[in-house]
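Presented sequentially are two complexes of chain A, the first with chain B as partner and the second with chain C.
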Partner chain A sequence: MIDATGLVALPGLVDLHTHLREPGREDAETIETGSRAAARGGWTAVHAMANTTPVADTAGVVEQVWSRGQEIGLVDVYPIGAVTVGLKGEHLSEMGAMAHSKARVRLFSDDGVCVYDPVIMRRALEYVKAFDGAVVQHAQDLRLTEGAQMHEGEVSAELGLAGWPAVAEESIVARDALLAEHVGSRVHVQHLSTAGSVEIIRWAKGRGINVTAEATPHHLLLTHEEARTYDPLFKVNPPLRTQTDVDALRAAVADGTIDIIATDHAPHASEDKDCEWAAASFGMLGLETALGIVQKVLVDTGAATWRDVARLMSEAPARIGSVDDAHGRPLAAGEPANITLVDPRAAWTVRPEDLASRARNTPYGGIELPGRAVITLLRGVPTHLDPRFEGAFA
Partner chain B sequence: MSRPIVIQNASLYGDTVATLVVEDGVITAVDSDTRPEGRS
Partner chain C sequence: MRHLLSTRDLSREDAITLLDTAGQMAATQEREVRKLPTLRGKTVVNLFFEDSTRTRISFEAAAKRLSADVINFSAKGSSVSKGESLKDTALTLQAMGADAVVVRHWASGAAYQLAHGGWLHGSVLNAGDGTHQHPTQALLDAFTMRRHLVSDPTGADLAGLTVAIVGDVLHSRVARSNVYLLHTLGARVVLVAPPTLVPVGIEPWPCTLVHTLDEALETHEIDALMMLRVQRERMTGGGFFPSPGEYTRLYGLDADRMSRLPDHGIVMHPGPMNRGLEISAEAADSSRSVIVEQVANGVAVRMAALYLLLAGEEGAS
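Moving on, here comes the complex of A and B:
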């Protein structure tokens, strides 16, 4: 018997944007350490991005990732296949073979780089229709962001860092919405970061285009002012933007324009972050802190309810990822027991050394978050237990 | 058959207090007392 008085029960969380780094960069993260971090964060399923070494652009690689996830058994790991061979943007990958593999891939992304060529993007959108898939786009105009280090604005000018203009994201979001409309396909836009992108998504949805969008916890909390520290922990792609952008993203999450919250959990080895800003890699950890940040910026401010959180972090991502037969299900009799129990009063201070990830590149070290997952069940099996509940499962 | 897990007094979606019973990987019962969260 578990006394869950004061705990909120949600369907197990589903992350549509996770970097597990295996195969290839096991010094930064493995499927095992990433799965453990996910379970601690309340996730029961994650979608693993394709920018591994080798790239997940064949059935062999995605089957390896899927099988390793099942073997570890802490979360269901759903591989995302690359759109193009080697993420080079030149030739479509073996999308059909990945879709028909035992990994049953439905989402395709070159995340980390944009599918920049509009003809390639159009063909990918047409191709995924055959198996009800979607193209997941990292919206970044490559020419407008050559050498870019942070959001283009007053702060970048003061710091002397090359700017990353909002239009570099917005122009691709608009192009891809129109391409999806033109070929009657489905596009999902990753990590929206600007108020302008929000307006374009709102316009596209109003027009009936089959487009969905995500926001990350860090883009809902942090601004480009953090770059004044020159701490590369705040260096991320797309970059942290202005407070106006943060406010627009929060409003769009609240009104449903943005469909989901996804972590873009991006572990990096210390040598890739513990260096000067310009030399550092883009990205930050997110799996273990996402729920606390969402509570802080959305629930505790009254912008969203826990029922909204269930939609944003479980039901909608499961539907977009086509895994809604197993995840994002109602908390009802007969449904799979993928359950996250949240203690909204369990304030905790983030200590990088205590995180389950192999990497340590969290920008939230020393920050207090208001709540956290205390029990995660995957098909009824506890994959994360706060110590106070261990006795109940002994 | 695994031992049932009984989760008592959970606030489903932050809305309604209920008891969940889990057996063999499936939610087998949700016994809601329809109390709105925050009231006893």
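Moving on, here comes the complex of A and C:
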């Protein structure tokens, strides 16, 4: 028995957007270190992105990632398969083989790169219907963002950094919604970052198109003003946008236009961040800070309730990822005990060196977050215990 | 003043102090012995990640005439083929005991990172970072304008003057530096550029924008006309402008356009020029042209900047 007075019980969190970097960049993160970071952050399932080395574009690679996740056992690791071979955008990968493998892949994404060719995107959307899959799109017009470094606007104009215009995201979101409608398939749009994308998603849903969308904690909290420090910790793709965009994203999460919160946890080795802005890699850590940021920007502001958080960070992502037989379940007798207990009054200050990830590229160093997961249970087994609960499961 | 990174950081008072000090430095350069003992024992490193012989020798001359020891450090490397990291280079310079680092870099923000990365203790002087800032260029431009257009220059600002900056504003650190400095000094700035070569998001900039040089000459009495260098590669293959010929027709400075300046109007260019593209030989070599003088003033302005960064700290300690 645990005395959970004052704690919030959520179904175990499900991240639809995690980079675990294994195989290939074990210097930045491994399935083990990423799993530990996930458990500490309150997650019981993560979807591992395909942009590893080698790329997860075959049944062999996705099975390896899936098995390694099971072996570690801290979190269920569900591999996402690449849409195209080598993420090159030219030939469809063997999505059927990945779907029918042990890893039972249902989501496919070239994340990091957009599936840019409209014919390839159309074929992918059609093809995944055969096994009830979905295409998960990183919406970015490649031509409009060549060399892009940050949001194109007043700050980029002043800083002299090449701009990543909002239209480069919005045009692809609109195109893909229309393609999904045309072929009667399902598309999930990653890391929505602009007010315009929100309007397009709202329009598409109103039209009955089978589209879902995610927002990241960083796009709900930070703006392009952060780039004034030229600190590459704030360099991310899609970029941090304006306060107007942040406000639109928060409103869209609150009204259900945006279905889920996903981290886009993107570990990078220090040499890929400790350099000039233009030379740095895109991306930031997110697994351990997501819950605290969601509480800060949505719950504590009154924009959402903890019930909404259960939907946004567990039930809806489990459904979109087709893992809702095991995750995002009701907190009821007979259900798998995948449970996250949150202490919304356990404020903490983010210290990069204390994070479980191998990389240290959090943009939140020194920031205080209002709460955190204090207990994470995966099928009844504690995968994360705040020190004050140690012994509770002895 | 600890570092000189961006003209946006300069107050009117800072800017006038820099210009007045440059005036004193320029006066010393008329003497038979031009070398001053001011920075004896100080080490100035010219750290160039991007080739620019002109800027490097200007800083080198400035530091040497102040008797500083000068080390030239050419660190090649682009965003594609990374050489030694900025951090390691900075740590190396720190270990060598650099009192000031003059940095030219292909990446916007590199000078800011060097100054604020906690890697080195010396002063950082930005000699051009990507498409961001090149503060000593703007200071030498202001110095040149003040000499020619203000009757009693010492202690004065540029209030009442109108300066037009013509060309590739999008990729220009010279334009960005000048817009803020000229505004701080009270001048009115008119940017003249095709819409493709203007950054999205310049609404807050303290300047006005017109889209042809003829319109600028018609609607403003321009005291100083600054032509920016245009890179030909920006005009080919789906580029920013249809052709060099069209650019010259709409934005080039020729004798006819030059004749529409007021009598006292001066013509400037940060160099190196593309004669026949943004400026005709006739304009470049005319009596209105102060382009060669800009180069000479560059040394005086850089002497002033090094002096205020390095000699100033002794007074404080």
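Quick notes
Keep this in mind: the second predicted complex is superposed on the first by the 394 of 394 C-alpha atoms of A that agree within 3 Å, B and C clash if a C-alpha of one lies under 4 Å from a C-alpha of the other, contacts with A are read in each partner's own complex, and residues count from 1 in each chain.
Basically, a residue touches a chain if its C-beta (ideal position, glycine included) is under 8 Å from a C-beta of that chain, and two chains touch if they have at least 3 such contacts.
As the structure is a prediction and not an experimental result, all values here were calculated from the model.
Contacts of A:Gly163 after superposition on the shared chain: chain C is touched, whereas chain B is not.
In the superposition on chain A, A:Val187 makes contact with neither chain B nor chain C. More residues of chain A lie in contact with B than with the other chain of the pair chain B and chain C. In the superposition on chain A, A:Tyr230 contacts chain C only, with no contact to chain B. Of the two partner chains placed by the overlay, neither chain B nor chain C lies in contact with A:Ala262. Of the two partner chains placed around the shared chain by superposition, neither chain B nor chain C is touched by A:Leu285.
By the touch criterion stated above, A:Thr305 is placed in contact with chain B alone, chain C being left untouched. Of the two partner chains placed by the overlay, neither chain B nor chain C lies in contact with A:Ala103. If you check the complex, the residues on chain C that touch chain A are 8, 79, 82, 85-87, 105-110, 112-113, 116, 129-133, 173, 176, 199-205.
Considering their complex, residues 152-161, 163, 165, 229-231, 271, 274-279 of chain A touch chain C.
Chain B contributes residues 2, 5-15, 18, 20, 22-30 to its touches with chain A in the complex.
Residues of chain A that touch chain B in their complex: 1-10, 305-307, 310, 331-337, 339, 341, 377, 379-381, 393.
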